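Both complexes below contain chain A, partnered by chain B and then by chain C.
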Partner chain A sequence: MSQVYNWHLGRKMDYPFEAAYPKRQFAFVFNINRCIACQTCTMACKSTWTFSKGQEHMWWANVETKPYGGYPQFWDMKILKLLEEADPDGQRWTDKPAGNSKAPYGRFDGQTIFEARKMLKPGSSRVLGYLPTDEEWNFPNIYEDNPVGKKGVPNQFDQTGVELPVHKTWFFYLARICNHCTYPACLAACPRKAIYKRPEDGIVLIDQKECRGYRKCVEACPYKKAMYRGNTRVTEKCIACYPRVEGKDPESGGQPMETRCMAACIGQMRMQGLVKMSQDGIWAEDRHNPLYYLVHVAKVALPLYPQLGTQPNGYYIPPRWVPRDYLRQMFGPGVDGAIERYAYPDRELLAVLQLFRRSNLIIFRYEIKEGPKIYEGTLRGHKITLYNDTVIAYGQNGKEIFRTTVEEPIYVRSAQHANSI
Partner chain B sequence: MIEKGETGLPVRYDPLLIEEAVFLALRGHPDAKRYHQKRDRLYEISDPEERERSFQNLHQAWFSRLGLASQIEKAVAERHQLNSTVKTCVIARATSKKEEGAELFVNPDEGLSGKERRNVRILICPESFLESPPLLLTFLRHELQHITDMLDPGFGYNPALPAVEGGPTYDRLLQNRYCVLWDATIDGRMVRRGWAPESIRAERLNDFAQAFPMLGDETGQLFGRFFDQEPHTHAKLIAFARDPRTALAGSPEGPHPGGRCSLCRFPTYVFEPNPECLPAEVISQICQDFPQWRSDHGLCEQCADLYKGRTQFENAQFPF
Partner chain C sequence: MPYNQPDPTDPNVLVGVVLPGSAEATREMAYVFAEEYARMGYDGNRLLGLFKNPFYTAAHDAYRTLGEKAVQAIIEECIGAWGGVRFVDRDGGKETER
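Now for the complex of A and B:
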């Protein structure tokens, strides 16, 4: 075991391999507040990559209703439970979320899936995990829209309107793909070294020629995003639509392009990028990269179950209406601050939030041109001022991709077409 | 499909089930390494058919070597009646525990002999091979008893359950009750043969009590007729499932809890207590709609209310 630095945990941790970081890292931000579970992303992926025989139960992209739903069923509860058994009562964070990007969420003092020594018998796995049954894989959208009711009152919803900060009756949609983790558990577990992380963009791939169907990765990936295919007897996973990210899609004009599931998002809740890495495994400062801004400056986007230890590269703006203890378990101690800043966004955040899904090309940099004040008022006791700023997105080649404003443009149809669509 | 079974009923295994069962059985097993060494090489066979065949042969060999077939072979061998009545028994992969079970398939081609037309299919989850042995064996014995009953002329099985008055909900109710009764007779027989623990009685009794909540104090005694006695016939199970009271008493239908209202035909537990004491006007209203009706046929409270209401309405003085 070597020691690697995991900035999500604010500390070093055990990992079976030496640390090695890509130049840039595939990463994404999903704004849960905007997802409507239309499953367009799910189908965009399926119709591109997993429509063949033997892939019937394979959904590299999926959207599940939390807290009851899950694909495979109960994946998160199961791994959290195993960790709890490994380290009873020890899965805790200390220190408060701080300003520094080496430990933005404080320090996690519990055990990761690589460290749960009590449960890792020598000679067996290198990673704590479990193998889901067919049954658990078979119902990708089980418990869709099933809410949690009021505590202790079964079959009863809130009869009257409710107000933020939290709802007593609640659910939310969690969209998931492979997190192309910085310390992939799938890679760590593979006895044949068939899984690799690309040095140019950190995308994690399974070499289909090397895989021999041991399914150690399926067992080890805590997010259950490696999936075994029975008819070819090899495991497959999300490939981050790498031809698009490489700019090989004919539509891209040679520029890096966002993945299928991102581009298809109806709720405009997804943004994907390639963030700059520095050689200590921390994101290199890149102040005007939108993902860097959302994760490290505004700190509104948080990793999914950081305590598992893989340093996943998917980040989520947590849902405002969900009880905080649930969210803290899912996204770590940064939740309260993230929700506070998202609910009462400052001038820059409001502008950056406009960048989601205005183009399918990957945004490498943004710039804000200040506009006039358009609103002033109070919201739940907070003073709110809105400016109609213009935000401009630039691609890898430094060229402008698009520009948009905070205030949505209003189009007035000509009288001739006033009532047509 | 891979064939097994030298004598008696041929058993064919779904290669997918075998492969998965072997894979699961070898996790953490001392022989896992040897198995994988052999299996890894097969990926390199370039001809797809030959590769597939080689995989299947390897999995089959390890399936036997690990003794995974033993419970199935034992359960099938016990049912020598099936040799003369069924062509093959196919063991395939279930995708969920709920799906596990045995089914009899009958080919509609009347040109074939009875035996040629019949096949048994048993669905099992791969994980079930790894449960402590008696579980799978008990399960298979129970399932094969269903098949044996179906093929027993004395039992007189008929796959189409009779249509029930009241629509699809009642069809399902009948089906559910029928299954509860049949399972009780099977597990009763299993206990007497020493194939199931005594404790199973309580489980079946619980199912029975839930399926027939109207039996009240008599539940335990009536349950015994199914669990503790044999033989049974399909027809008698159906009759009891449809209408336990009538089936027991052989008595003509009359108003009894759980019976049907003679007017609206819905089952009810609340009959009008003294229909003969209804006002004459109400009775005459009923007889306008149901000329054959007599007060000893009874009626439910809702129907009684309806006709009382109608009489009141007709007698009412309206100011307009």
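Now for the complex of A and C:
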């Protein structure tokens, strides 16, 4: 085992290979506060990459209702339980989140999936994991939001009418794709070295010619985003729509373009980018890259289950209304600060949040032109001041992609033309 | 949604288990609803009507749990902070506020 530095954990950790980092890294920020689980991302991915025979169970992009749902079912509970058994009562964070970009969330003193050796079966395994059952793969959103009929009376409409269920508690929608991890568990576990991370953009791919379908990657990926295809006997996974990221889509004009799931998001909760990497595996400072700003400056976007140890490159703005214990388990100790800053945003954050989904091209830099103060108010003891700043997005070639303002007027039809179409 | 009451001995299956929603979580949700609609230009009466409407189940649940007075206060606070929405008429080739 090599020692690699994991900045999510604020420490070095064991990993089966020497550290190697791409020039840029595919990364994304999802704003959970805005996701309505319309599944447009899910279907955009499905209709592009996984519509063929043998791929029926594959949802490279999915949206699940937390805390009830998961695809495959129970994926997060099962891996967290295995880790807890490996390190009883030891899965804890120490130190407080700080401004240090090498340890922004403090330090995780528990065990990652690469370090929980006593639980490995067989002992020659490299990563702690499990193979989901067929049943767990079969029902992507079962029991999440659906009403049920009368107990013991299947396949019949209710004769007297039923009430839709009332949600008696909090829930939220978690959109997920492959995290194209910095330390991928799938790659670490593959006995044939069929999985590789591209040096130019950090996208993790399975070489379909090399794969023999041993499913070690399916077992190892803690997010369960490697999926076995029975009729070809090889495993497939999200490819980050790499032709689009390479600028080969005709619509892109040769410029890097966001993936299908990002572009399809009607809730405008997704932003994807290519962040600059340092040689030590930390994100290189790139102050006016929107992803760098959201993750390292505003610190409103946090990694999903950082304690698993793969240093995932998907980041989430956590939902404001969910009990903090649950969120701390899911996103680490940075949750409280992230929600505080998101709920009472400062001038720059309000402007950067306008960049979500105004274009399908990848934004490499933004610039803010200050505008007039529109109004101010007080919310729960915090002063909220709104300025109508203009935020300008630039692409890889340095050209302006679009500009938009913080204030977004609502346009209404006049009475004269209320129905003139 | 579940048929049965949650089984407290089941360590994994959260399906259908009603997690304890605290009054604090409900209050947080009420703030989020009020802010969202305030930003869309709802005035106080319209927003309170939304909370009172049982078809907006989550907002209505907050209304029942917290009471009208508390919800009214939340609405007023959110409109005070986020309610500065402009309505613009673009008919006739030029924009006019109304």
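Operating definition for what follows: the second predicted complex is superposed on the first by the 381 of 421 C-alpha atoms of A that agree within 3 Å, B and C clash if a C-alpha of one lies under 4 Å from a C-alpha of the other, contacts with A are read in each partner's own complex, and residues count from 1 in each chain.
By definition in this document, contacts are C-beta pairs under 8 Å (C-beta built on N, C-alpha and C of every residue); 3 or more make two chains touch, one makes a residue touch a chain.
Because the structure is predicted, anything quoted here is derived from the model rather than measured.
Of the two partner chains, neither chain B nor chain C is touched by A:Glu18. Once the two complexes are laid over each other on the shared chain, residue contacts for A:Arg380 go to chain C alone; chain B is not touched. Look at A:Asp89: by the touch rule set out above, it reaches neither chain B nor chain C.
By the touch criterion stated above, A:Asn138 is placed in contact with chain B alone, chain C being left untouched. For chain A, the partner touching the most residues, choosing from chain B and chain C, is C. Once chain A of one complex is fitted onto chain A of the other, the partner contacts of A:Lys81 are limited to chain C, with no touch recorded for chain B. On chain A, the patch touched by chain B and the patch touched by chain C do not overlap at any residue.
Residue ranges of chain C in contact with chain A, taken from their complex: 1-3, 11-22, 24-25, 28-29, 31-32, 35, 40-41, 57-58, 61, 77-78, 80-91.
Chain A meets chain B in the complex at residues 124, 131, 133-135, 138, 212, 214-215, 230, 233. Taken in their complex, chain B has these residues touching chain A: 16, 19, 23, 27-28, 36, 39-40, 43, 55, 93, 95-97, 125-127. In the complex of the two chains, the chain A residues touching chain C come out as 33, 67-68, 74, 77-78, 81, 142-143, 146-148, 151, 164-170, 320-323, 374-375, 377-380, 384, 386, 407, 409-414, 416-417.
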